[in-house]
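One chain, chain A, appears in both complexes that follow, with chain B as partner in the first and chain C in the second.
On to the complex of A and B.
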């Protein structure tokens, strides 16, 4: 157990917890887009900046990547923090101008316009890497990754070709904070446009509806998790 | 994003805001919906709850299942109270009395508290444009007092106040179309959902909470006790309601219709009606009437969705 102070209130935290986790558990709201409780913290969106005082030093850091240490003093609402967060949001907004969650954050933080513009075609991706981590850690498929550096960084399947490891589970689509990923089922084929992936769907033995990609069934079998009953995947969830 | 498959559901937050041990019936679809809704909304939420099943089962004195601020108000004014909470938060934040953070204000009520008793309060709150989310848990009758009909009870359903017999074949009026009534207020977000499609439901709640201004989500909550089905059938019946077109899942975003769980071909309506005790007495003729209505409603929805899609292009 370590003791730390957030916004003037003392809290106890487990060793290994990060500052954001403890703040959220105790009802102190820190805006964040790329943090997920089940995934390793990454500090990609930079919105969870807080002011940390450790010993004699005071500095800004992302709270999702900062571990709870004994005697840490954290402030989440100083003018410096709020200004830095507004700047981060202004930098994110041109990347995904239509995203509802970004717009909600902007309203809440009082950001009405951004001083920046994107030179390239907007693809609504803010490069937070949540999809990559979900794919690697939650699912274990490791189908997508970052490529390029600096301003040319983007999320891609390996070599920008079809993501052959993608099993079409949709975890990335579900978690994406800007909604820039799309998954569609049509005529027995599931398409994930951004990963250039098309997957053939297995038909239910009873109703004939094509419901789950073959690749996902194979993946689940190989992983040996949730051992299904005999013939489990033969039928769709409605016919089981 | 309706049936993603095996892995997307694993990403849902582990934290529960509705503690177990509440007194709902086994197989209750409504409590499942409440649980998912609050999972999606997270910790910074204040809920105003009208009288109804959920108030009864979650807060028998001196216990409570709620791990967020929750207030029980009278049957008719959940929307008014939520509007008041939202206005108070706005003022307190403006005066600097509380930190400017996003707090979701939610009103919840059953179909009785929405379509019958709470309709004027809801309409008023929508018209004033409070930034709140109204969730209607529709189990299609007054279940907690013993299955009395409401205006959201579907045609032909047997309830204790619309008993099926020789004089009347159950409910003789058509179900009030609440989502359409709300959509007519031209609010930013209206949607229908059911816990049988959990990811779809969570998506819609998140969208509704993020919308600027009022949002309304109408959730079909299957009720094994009142509908006369086995408690293990809840999810299945909810899915059949969608797949037969009886309760289509769609959303209206700034006036644009979108069917979120599309069915290439509707399943035969009998598959939804037959397992339910409340529809068991229906004659072939009445089923045909119901089927006609369902087809009309589905065709109308398709037409509007197609119109909205072509307008967006």
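On to the complex of A and C.
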């Protein structure tokens, strides 16, 4: 156990926990877009900046990547922090101008306009990497990845073609903070447009609704730690 | 690259997936690019997800999915070189080799690309060939430089086709 101070209040934390995690657990809100408690921290969106005092040094750091250390003093709302965070949001906005979560943050933080514009075609992706980490760490499918670097960096399946490892679970779609990923079921086929993936859906033996990609069933059989009972997938959740 | 050639490289590193980046660099040096088949083979052979290999192949400047020349030419287009006429040098190279930046000659001898500041601005304009730096370049020096590397020049085939 280590002791640290966040916004004047003392907290205990496990060694290895990050500052953002401890703050959120204790009801201290720090805006964040690329952090998820079940995924490894990545420090991609830079929104979770806080001021950290360690010994004689005070500096800004992303709280999701900063480990809790004995005696750490953290401030989440100094003028420096707020100014830096507003700048980060200004930089993110042009990448996904329509995203409701970004717009809400902008309202909260009093960002009314951005001084920046995107040279690239806007694809509403802020390169936060949540989808990639969810797919690799939670699902274990490893269907998508970052490619390129610098301004050419983007998320895509290998070779920019159909994501052959994608099982259509929708975890990435669910977690994406900008809502730029879409999943649609139509005529027994599930489509994930950004991953160029189409998957055939299995029909429920009772109501006939085509509800689950065959690929997901196959994946659960092969990779699932405790595979579901025989016949589990015959019925959709409504008919089970 | 044939399976056997890849296999030799894989075994050189004891088939350890932790060394996969070194393997990719070795293959790139031999083949001057990483083919899709190569990445797919390595992915299965080393049980490394294809996504991770694709990520590396597109991230590192030393690696390329597109074929590069046996002699790879980089023209610095950084600010210091740019103001001293890098664009004219690039044009001359494109004319001499009859390719555009980002392409390779049909005989795969030369590949042409641009970079942004190689860190030797005082020598600018700078062109590097196979990692060798040529400082104070000018359009008129391009032909002589190419001849130094040309494999066909000895047979009387001129590089420049002006």
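Keep in mind that, in the parts below, the second predicted complex is superposed on the first by the 236 of 240 C-alpha atoms of A that agree within 3 Å, B and C clash if a C-alpha of one lies under 4 Å from a C-alpha of the other, contacts with A are read in each partner's own complex, and residues count from 1 in each chain.
Methods note: a residue touches a chain if its C-beta (ideal position, glycine included) is under 8 Å from a C-beta of that chain, and two chains touch if they have at least 3 such contacts.
These figures come from a predicted structure and were not determined experimentally.
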Should A:36 be classified as contacting the first partner (chain B), the second (chain C), both, or neither? first
Using the touch definition from the top, say if A:222 reaches chain B (first), chain C (second), both or neither. neither
I'd like to know which partner A:148 touches here: chain B for first, chain C for second, both or neither. second
In the superposed arrangement, does chain B or chain C reach more residues of chain A? B
Which holds for A:159: it touches chain B only (first), chain C only (second), both, or neither? second
Same chain A residues contacting chain B and chain C, which ones? none
For the chain A and chain C complex, residues of the former touching the latter: 132, 136, 142-149, 157-159, 165
Given the complex, residues on chain B that touch chain A span 1, 3-8, 10-11, 13-15, 43-44, 99-102, 199, 203, 207, 210-212, 236, 239-240, 243
Across the complex, what residues on chain A touch chain B? 24, 27, 29, 36-38, 77, 100-101, 103-105, 107-108, 110, 134, 138-139, 167-171, 173-175, 183, 211-213, 216, 220, 226, 237-238
So in the complex, which bits of chain C are touching chain A? 36, 39, 49-55, 58-59, 65
